[in-house]
């Protein structure tokens, strides 16, 4: 964990906070906030540690090597919470699904024309039994497609284009910036809008810490939460601000950044919205019982 | 009796290769790999950005040599490598001598050893991270865990192969077990132990880079590769990093091989025969 | 016919083991080679066997310069114990080279057992070399060479590790196979009596570096016999002469008294 | 001056039935006691620590039983999960190990005996040897089909090295006089390899095989992180990890350990049979 | 005093190499051991050296039953080439056992060079064993044993690979060190002349399994001399007798003629 505890200017328990951040569009607000010095305004110094997958940061969070994970995948962390490896505390929301930010693509000459044609086909997802198949299954069900007849194949995002081009899979379920990239390179066609109803607006990731950290450092957590909410507003308000930060931490080139579909950046912490992902997970069997969101969502006492 | 028409073979009497001859042939081998991967990249099986041809990868790798951040990453990886390999040698050789010379200890620990060996250390990264943090200590611990086995095994098998005549000789002069172990068994097993070290050196490098890739945290060549992984068009950087890993391995092995030849001249001269 | 022409061999460390050796051996001849320890006898044999390449000069076999190992060659090495394969039974050690002879497995084994019998090891066929005494191992390596029925046989101190009785028997065996198969034999020995008893000629090498010091024809009548031959005056004369030559040849091997 | 080692008796005294049984039991305790102790310490330590990441062995054992071993007797108690994941994983591993052994021994022979082969291939192989397999995914995706092909290839790529290098070392260090003997008798190249080089290199090859065996289990797990994986032990491991199901994850780790132990025991038995009739390691034929 | 009492040794494969051997050797005595190839001479020496444990019977040294390797022992192995360490120079091979003597490095090297000189290898100290000829290697291993100045010296065919002249020199060297240092020596040889020439006693072993067939005291006057001693009638008589005994002893080693 980063540094000096004790009383700061505003009586913060901890002035330096270490954030593990993923190189995804989801976490853009953190970097927008940094750029606009929103954290400094709250008396916080933020130290960013890049990490490639949110699950990789989980042990570090549990051990206290990092204080917050930015862009933490809710499916993973809600499961960790249920299994007891982590007492989850959500400080701020990161991203929610918007139409076309995550789509199912096929090659231009593919016989697959509609969602129905996916039955009996191989579809590539980054991690099986996670957010992708969860949301896609919900969409397919809503469109009268039997999701159990789809064979999900695990393929990391960077390899999806090659796997699709070589014909190793019939379709790929892919997020930005790979989505735009594959469309550009292969002329790939969208068959399912992965952000469509009924999952539009479902929250997918957030800024999380442990309940332990939040309880020991309530003022710091509150300050971080305030800064993050402002940052989310800034990101949601002007996509240009997001486009500016993407080339830096996410290595997305400016011309790509200007065309990709952005997620929604929720500007409040909302148990009702979070309930949607919990419900989806419970229905799909990814959670055994519904967690008490009121204890999970950090409520500033200030 | 059959008439023997087999022409006289060369073998031992063949003239040994010169240094230049060896280098030239080695270069041919590497060039063949380069050509093959260039062709594969240009074959058009997939988009070029998914698998860039070798020329583009190597160009990028050369560019990286001028990138100070990248060089810093390299230095971090090599630090972990050196520390890990050094510790592995320090652990494995004495342990190998013990297990290889005292069958009772070997039998008593075999169950544990054989149970632990196949456990994939890198799969334990999240757990190792919990105990050791995600920095150098964890990398080194995992490297030691993986690099110990080749040295340990080659030490044990090397000992089993020692000609008993040599050991008997020191025995009759009244030398004790330990001294025989150190003065006869160890030197005669040393060339094979050195092969184990060469195996371990590459394993350690793979572990250093692999741990970085999988832990996704910190600094190092693996982090460079992992970062390149998560963006479109990253394949070129991934493969350029891979070329660096391979090149490091090549240099390290050449250095170890040279040391091995110098240290065990008696072994090689004898094997190589006479002019 | 085996011709050794101006043969010089220097080892990698620069040591000149033999210099300018000339020697011609007729087909079917048995030449004994004697000389002080370290004078280059083994080196000479290794050159003829094609195991090491002469630094200068050449080996000519039946008119063609040899390059590499000659056809139909067998060697009994001085370091016999190391030339046996510990993972093969004694019988299989002897039978292995016969693969080159296009014999079936059964034939090879039979030939091997026959050869083992001829050196008094009929009972040891199924043992492994490390289960044998030194002299027995030496005899296995002799049996291996004989079973192969070479046209050129090089023997480097082949009877050094066996007792007097066995030694005599093996000497007679050598004379016998030479007579029946007509093989050319070069035999290195330290036993001066032996060199005269078995040889058609005795070549005495001198040391530092090895060179031919004398080449004595042995003119003993009729089939040789361990008792009567050794009593012949010619035998006694030759033995004395070879002895004198060897003693004189060992300038460097002098042992401090 | 001290007298040193006491050699063991030349001929073992034939033990009676009772003594033999006692010896077997003694041997078993000797072998397994340290292991049992280790488990005990682990149980106590994890119970004391109460970390959700480190469940006690008893929990792991029950998870193992539930997940893998609560199936019908007719299937050796294997569950559906075990059948669907264990068998494909093991199949791929064994196939890859067989390929690696064949290729590694063949290449190792060439490298060990031919200076020229060594000159051409050595730098190339040393280059490849240091490459972490995960970084080759972009290449593998192009060269191989997703799934079994790619998984097997990636295992082979990693486990071949100890076999190859140890074989080369073994082939290089055949006693020179034995090679001379082969040359003198003009043994064919095949006979030389079969009857001299391989037998002489065999102990070293076995050292390589044993290393490769455990490595192939490890690589089996890694190969199941590759694109296109739909089943397997490693797949279950990452799946359990992503679900934060720690006991399940540990049960996979334990399973790997058990598999490693069993396979190694098997290989050791083969090794003993193959090397059995060689010169005893210590003392000239002394029991 | 070395007493061998009822010594029997069976190898792991059940082969009984020696059976019920009894032999007493006084301090300072030089006992020659002869016998047919494979009769168990080396086995007997290995038992005395404590390298293998008797199946029955025991070795008693100065009144105490030996268990393991006796103090102050040196052995010249029959398989001498394998007993040298290829990674050590010749000088270091000879100097190594002297570590047990608590000598400084310089002293050890000096003693080693002295011993090498006494076997005629003064020039070979910096070479490696594999750069030497067979006979030279054998002399290195003799030098190693002599440099150690043991009180009990076991030699298994120590002069088998050297030429006649060197052999005689080494025999005399053995007699000399025995005389000056008073060591007890057991010497296995196949050379019957040698067994009589150097021995205070000649023990003849018989084969299958090895047993003592005869134990002949050698009663030759004064300091021995290669020429005059060998001409003594007693020498000639003993030689003939030992020869007869060895020939008769080799029931199993018979070589087919």
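Letters are used for the chains, namely A, B, C, D and E, taken in the order the chains are written, and counting of residues starts over at 1 for each.
One rule holds in what follows: a contact is a pair of C-beta atoms (placed from the backbone, for glycine too) under 8 Å apart; a residue touches a chain by one contact, two chains touch by 3 or more.
The structure presented is a predicted model; accordingly, all values stated were derived computationally and were not measured.
Enquirer: Could you give the fewest steps needed to travel from chain A to chain E through chains in contact?
Expert: 2
Enquirer: Quick check: which two chains are joined by the most contacting C-beta pairs?
Expert: Summing C-beta contacts for every pairing gives the maximum at B-D.
Enquirer: Most remote chain relative to chain C, going by C-alpha centroids?
Expert: If we average the C-alpha coordinates per chain, A ends up farthest from chain C.
Enquirer: Hey, how far is the Cα centre of chain C from the one of chain E, in Å?
Expert: 26
Enquirer: If you average the CA atoms of chain A and of chain C, how far apart do the two points sit, in angstrom?
Expert: That pair's centroid distance is 85 Å.
Enquirer: Per the centroid of Cα atoms for each chain, what is the distance between chain A and chain D, given in Å?
Expert: 41
Enquirer: Please tell me the distance, in whole Å, between the geometric centres of chain C and chain D computed from their C-alpha atoms.
Expert: The answer is 48 Å.
Enquirer: Give the residues of chain A touching no fewer than two other chains, as numbers and ranges.
Expert: Residues 55, 58-59, 62, 156, 158-159, 162, 166 of chain A each touch two or more of the other chains.
Enquirer: Hunt down the residues of chain E that sit against at least two other chains at once, touch-wise.
Expert: In chain E, residues 11, 13, 50-51, 69, 71-72, 79, 82, 100 touch at least two other chains, as defined above.
Enquirer: Can you pull out the residues of chain B that are in contact with at least two other chains?
Expert: 4, 6, 9, 11-12, 45-46, 50-51, 126-127, 130, 168, 171, 174-175, 214, 235, 267, 269-270, 273, in rising order.
Enquirer: Touching residues of chain B toward chain E in the complex: what are they?
Expert: Going by the criterion above, the answer is residues 163, 165-166, 168-175, 183-184, 187-188, 264, 266-267, 269-270.
Enquirer: Chain C touches which residues of chain E in the complex?
Expert: Per the touch definition, chain E meets chain C at residues 11, 13, 15, 34-42, 78-79, 81-82, 117-120, 123, 127, 131-136, 139, 156-157, 160-167, 169-170, 172-173, 176, 190-192, 243, 246-247, 250, 252-257.
Enquirer: Which part of chain A faces chain B closely enough to touch in the complex?
Expert: By the definition above, chain A touches chain B via 20, 23-24, 49-53, 55-60, 62-63, 65, 156-159, 161-162, 165-166, 177-178, 181, 185-186, 250-252, 256.
Enquirer: In their complex, what parts of chain D are in touch with chain C?
Expert: 175, 177-178, 180-181, 183-188, 191, 195-196, 199-200, 202, 277-279, 284-285
Enquirer: Across the complex, what residues on chain D touch chain A?
Expert: By the definition above, chain D touches chain A via 52-53, 137-138, 141-142, 145-146, 227-230, 235, 239, 241-246.
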